[in-house]
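Next up: some structures, all given as structure tokens.
Each of the two complexes below includes chain A, the first together with chain B, the second together with chain C.
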Partner chain A sequence: MTRTPFVLRHPSVLVVLTVLAVFTAAVTAGSAAYGSGAIPVSMIKLLGKTLCLALAAVAMDLVWGYLGILSLGQMAFFGLGGYMIGQWLMYARTETIVAAQLAQQPIPATAQELQDAVTNQIFGVVGSSELPLVWSFAHSLTAQLILVLAVPGLLALVFGWLAFRSRVNGVYLSILTQAMTLALALWLFQNDSGFRGNNGLSGLQNIPGLDHVGQATLSVWFLWASALALALGYALAAWLVSGKFGSVVRAIRDDETRVRFLGYPVEGFKLAVFTIAAMMTAVAGALYYPQAGIINPAELMPIASIYLAVWVAIGGRGRLYGAVIGAVIVSLLSSWFTGGRAPSIHLPGYVVNWVDWWQVALGLTFVLVTLFAPKGIAGLFDRLSGILPPRRHGRDLGPDQGALQEKEATA
Partner chain B sequence: MSALLEVRGISKTFDGFKAINNLSFSIGAAELRAVIGPNGAGKTTFMDIVTGKTRPDEGEVLWAEGSKSLLRMNEAQIAREGIGRKFQRPTVFEDQTVAENLTMALKAERGPLAVLRWRPSPDSEARVAELAAEVGLSDHIERKAGELSHGQKQWLEIGMLLASDPRLLLVDEPAAGMTLAEREQTTTLLCRLAETRAVVVVEHDMDFVRRLNCRVTVLHQGSVLAEGSLDHVTRNPDVIEVYLGR
Partner chain C sequence: MPRFFLIAPLLAVLMLAGLAAPAAANPALETLISENIDQIDQPSRRTVEPLVASIAATGPEGLALLQAWADRRLGLLDGRAVIADGDALTDAATGAPVTGDPKMLRPNSGVRSVIEAALAAGALTDPDPARRAAALDSLSRSADAEGLAALRAALDDPDPALAARKARLERLLTIRHDPDSAARVAAIEDMAGDVGLDFRAALNPLLATRRVVSTTEPQGNIADELSPGSKDLPREAAIALLIQEGALDPALTPAEQRARLVANITNGSVGGIPVAQLSDPTARDRAYEALEAAGAVPPAATAAEIDAALETHRFFDLYAEPDPAVTDAAKAAQIRAQVRLAAMQGIDLALDALSLASIYFLAAIGLAITFGVMRVINMAHGEFIMMGAYTGFTVQTLIADRTLSLIVALPLAFVVTFGAGVVLYRLVIRHLAHRPLETLLATFGVSIALQQLAKNIFGTQARPLTAPTWLEGSIVINDVIGISSIRVAIFVLALMFLALFLFIMKRTRLGLEVRAVTQNPGMAASMGINPDRIAMMTFGLGSGIAGIAGVAIGLFAQVTSELGQQYIVQSFMTVVVGGVGNIWGTLAGATLIGGLSKVIESLNPSNTLAAQTFMILFIIIFIQFRPRGIIPQKGRAAEV
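What follows is the complex of A and B.
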């Protein structure tokens, strides 16, 4: 028996990857570094960052839309990814600058003097002159790249193991994930946690060793990297949710107890998906923050993770392309409306200023989508391709909190 | 005949209410057993204890050769030992097709990595088709389980139980909501299954139990009131009292 290739069995993967490739090529053609220059550097960075958010949304959809866990702490992994790469970016760059300064002195600086000077430069703001233990590997790009995956992966593994093993589910699990990201943010806010407190890490847009390249070119490189990460992440997620593994994962979402009685170790599956999603999110964060230039603990506050859930809900949970569409559309609209460029609406007696009203509009959209279009934007695509919800007699697809509602199911 | 499952003196109290009270039960490797009893007698709780969903406060549940204790295992491990369970309400995965439901239930390794590596083979596909045929769902194999009728869902669930080929099958009120013809089919199937494995059927319906033509255990207030052939237990004054006395 020959099996049809993966992309042919799942044509939506091919469509998404093609659209992504065309988009990336088009933006490259409009960039100053490789094309006409019609698209300003700041716009290219915004688009690159948006692709990273889309990758985080794909991971969120794995956890929420497929596994049924409404995690409200996903951006903790995103932030951690950013911090891990940020450590190297900041350390290595400060080292170059300090080394150049010290080189002017008559006596060459020792390695210890160099490190002390770097430490002073980075941690002066928080009144510390010792290199925190957590920066032990900051000099090594390889080590920090490994940590980008290892730290969030380990956090997800430990957190998930504790939570899933004691069978915390539904709302309680959501609250627990939120507490996790909040606790992490509050810890990072402290000056003595070793991550520069509320100053966060900055200057991340300057890549050590690439000073000669310039932001115009770098922004395109990061766009490519982000697009590649999204493509790989999307393909990985699509592969995970297809086949028997995906079948079991969706079954856990709809009726976890039943899956146990079939003999599947439910906790193991949850842990696997949660950890893989955490690492995907961390990669997204590690690509996002060099484009943003700065990261601080506020990025890990629960509200960021709630936004991520809202994007996925509006895009359509349980559809990977829905997550991408939701993240891209809503985050781009957000930055347009809150960037002060959206024209205000002049009503008689009141001016609707979008900077103030966007949050309200977004919240309202979320409520409306939840009530009237639980399949979100992806639901439109389903209707176009003729996938209709099954005519069924029951309502919920399963007794568990994460189970899809009847309206969301595909035929 | 040595017992496949042996339950010794289990008790379970819910908020001060003794749902199971010093209950003992055993069943051989190829035996059909009906468990009857009034509502609230503890029949479902008994199944919950055997399948690991509920932990008893005291007692032992011993399994198969070597009398392994099931109390130290979780639901999934017990299921992998070869104990299958059919719930009172049909529980199939409604968002997935009949084929996907059956494929999940097929005998295969259950760990995440093994499942990730698993690929359909001609064998597995043939087995799914065979199971679907056995439970009369051949024409519906690519349909979502959620679209099936209540009776068809019951059958799909039975098909899933067959797929995993359990050594002990626990069936909770299979006849509920079935038509007469479906009931007859079900008794035939249960009797045939019991030729090669142990089957415990919880049932209210006396006609259904009569048709099973097997040893009967009567539960009342969480313990065994009587055991024997249906005629034997229905002549028992205690049983008459419980069934007719209220």
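What follows is the complex of A and C.
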């Protein structure tokens, strides 16, 4: 028997990748650097960032929609990825500037002097003059790129191992993940943790060595990189959940105890998915923050991770394209409404200003989606393509005559 | 003429009255004034003391003169001292009224403090207890050997409290000013173990040290010999000390080396080495040595010289106090004081921890109830706390009387949040039964909507919720232990809620039904209990308690729309650590979290962020060992 190709078995992957390619091509054609210039640079950056958020949402969907762990600390990995790449961006750029300054002096600087000057420049703001240990690899792009994957991966591995081993699950696990990201954020907020406290890392939009390339071109490059990362991440996630591995993962979501009794190493599966998702999120973060230009510990507060869950829920969890749709639509809508550009609604006696009321609307929409459309926007696609659960109203739930009736089963 | 006859008897009466006044003639004072008139005119702080003492010794007239002097009411008129009282002038020595335009004296503050100390010594035996107390205050601020002598002479006091104060002050002054070492040691030993600030302040100058570098053992009372590189004397500090003493040439910092090299660049090279090569530290050293050999730069201490100097010199801490017996006794007393102080700080910390634990308990109890009964985490719980606090604020704007408004606000907050809880249950949570993760998310949606609503209604600035005056201030036990009244009140409130909760759960029909539903909803339903109604009631109850917690928290924290967010994570932790479905578990969790945060905070008081980080890490690790909390739920419900 010949195996049907992966793409044919999962046509949605092809559709998503095609849409992504068309979208990227369209934005490139509208950019100032490579096309008509109809789309301003800030808009291209916003779209590039949105693609990164979509990648994070895909990872979130893997963990929540497929594995059943509502991780409220996913953005910790996103932020860590950003911090890891930010270290190199900031260090290398400061080094270039400082080296140019030192070259003006009568005697060429020693390596130590150069490093001291860079340290002063970066850490003067938190009153420190020694390069923290965590910046040991900041001079090397390769090392920091490895760390982008290694640090969040390791954190997810250790945290997951501790949590899954002691069979923490359900809401307990959600609270624990929330605690993890809160602890990390609070740690980063301290000046002496070596990440510049609440100043965060800044000036990340300037890529060292690419000063001659303008922001207009860079923004398009980052859009391409983000689109590529999303495409690869999406394909990886789709491949992961499609085969036997995916079946086991979904079985764990539906009844963990049963899967364990069937002999599967449940903890191993959970740990694998959790860690892979953490690394995907970290890549998304590493691409996001150079476009945002600044990262600070507030980005790691639990609320950000909860919003990620909201996007996935509205988009439709358990469907990878649902996560992408949710992240894109809700984050773009959010920035439109909170940016003050949405027109106010004039009611008799009160003006609904969207900057004030968007959060209320989002919260209530979210409640409504959870109550009435648990499948989210992706549920609409299911309905269109006819993937619906069979209508069984009034029939017995089991094959025997003595099987439960539907009305009995609800108690 | 007739007018004169009228005035003459009047004058006589006035003169008689003047003679009858307390300032009667005092020949000793009179002589003293006439002999020292120059010094009274131009007193100096250093020399005026014997004069003041002898004036004070002449009796009440002398004291009156000193008082006037200190108050700048003393003047000189024709070689006599006169006291001005408003427009009236009297002779200081004879008490006779005088007329004229005296030269008023303006003693400087140094002289005045000398006079006041002398006055205080006199006032120690004053018949008025208030003046004796004031004299003791003044003496404890500025005392010397004479003050000590005066105090010793006046130790007896009819008022037992003042007598005790005098005795204590006498011991303290003995430690400071007694010339006899044995007496000082005895006084120190008498007071050892006392933790009062005054005693510790009296010990500190005795134990003050200065650091001395010497090749031999120095003269004096040696506190300690230090070795360079130890914790008390880091190597850098020892080197700095040697340089300061002139025993060592200043070492060359890289910046100085650089500056001197730059100053000696000739034809693109320094000391024969091309400038371009100077990015290498060893090349810089060679260049500097070349310059040193040529005499162009001053010599710098080399590593070997530094080592040798450290080797030959010894470092000592010397007490300023010469007598070793005194310093030994003071050292021992200080250690005892520190030990007792640590114990008392421990008690203070425990009180703080207790109050923090009661706040967490109040905030978490509602969460624990709903989670225990329905396995539902209510993310909007923090917003119910905020709602309670805003209810308190609104009531306070309507009712001016603080006590009355608090009495109204507490039940009203309960009613408001009870209603909100019931509405949330009916509209959302009931439809998401058996889907705990989705409930968590849906209630989170409610939470962000409520937070933004509060911002839209009350604005983003913090609203004050003022406590009634009887709750302001604090209960102070001694210099170390103290706790604010509001925190005591919150502790009492938490105890009341514990009692109320136990009463409802163990003694009422509702409690019985709640326990039945918690253990087995299906069985409870078949016994005629309506699980839906029970769940609604418990949800309302839990939310109502959150509202009351909100009022309590609002009394000491600012009321903002983010108020609930600050407590929600701690509340979750309390529930998770304590174990669900058990009030004692919540209590244990709150105590553990409250106590631990205070302990971590006290280890590093400057860094509260680190305290929170460590707290959360501790909880993550704690869950490893007790995944179901301190008091896990038993029975069937635990298996779900």
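We adopt the following convention: the second predicted complex is superposed on the first by the 389 of 411 C-alpha atoms of A that agree within 3 Å, B and C clash if a C-alpha of one lies under 4 Å from a C-alpha of the other, contacts with A are read in each partner's own complex, and residues count from 1 in each chain.
Everything that follows uses one rule, which is that a residue touches a chain if its C-beta (ideal position, glycine included) is under 8 Å from a C-beta of that chain, and two chains touch if they have at least 3 such contacts.
Note that this is a predicted model, so its numbers are computed, not measured.
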For A:362, select first, second, both or neither according to whether it touches chain B, chain C, the two together, or no partner. second
Is chain A touched at more residues by chain B or by chain C? C
Using the touch definition from the top, say if A:106 reaches chain B (first), chain C (second), both or neither. second
Quick one: classify A:178 as touching chain B (first), chain C (second), both or neither. second
On the A-aligned overlay, A:265 touches which partner chain: chain B = first, chain C = second, or both, or neither? first
Which partner chains sit in contact with A:255 here, chain B, chain C, both or neither? Use first/second/both/neither. first
What is the contact status of A:243 with respect to chain B (first) and chain C (second): first, second, both, or neither? first
Residue by residue on chain A, keep only those touching chain B in one complex and chain C in the other, then list them. 411
Chain B to chain A touching residues, read off their complex: 51, 53, 74-77, 79-80, 84-85, 87, 91, 93-96, 100, 103-105, 110-112, 115-116, 118-122, 125, 144, 146-147, 149-150, 160, 164
Which part of chain A faces chain B closely enough to touch in the complex? 1, 3, 240, 243-245, 247-248, 250-251, 254-255, 257-258, 260-266, 268-269, 272, 390-394, 397-398, 404, 406, 409-411
Spell out the residues on chain C that touch chain A in their complex, using ranges where they run on. 254, 258, 261-262, 265, 270, 275-276, 278-281, 284, 371, 375, 377, 428, 431-432, 436-438, 440-442, 444-453, 455-456, 522, 525, 569, 572-573, 576, 607, 609-610, 612-613, 616-617, 619-621, 623-625, 627
Sites on chain A touched by chain C in the complex: 68, 70, 105-113, 159, 162-163, 165-168, 170-172, 174-176, 178-180, 182-183, 186-187, 189-190, 192, 302, 306, 309-310, 313, 356-360, 362-367, 370-371, 374, 411
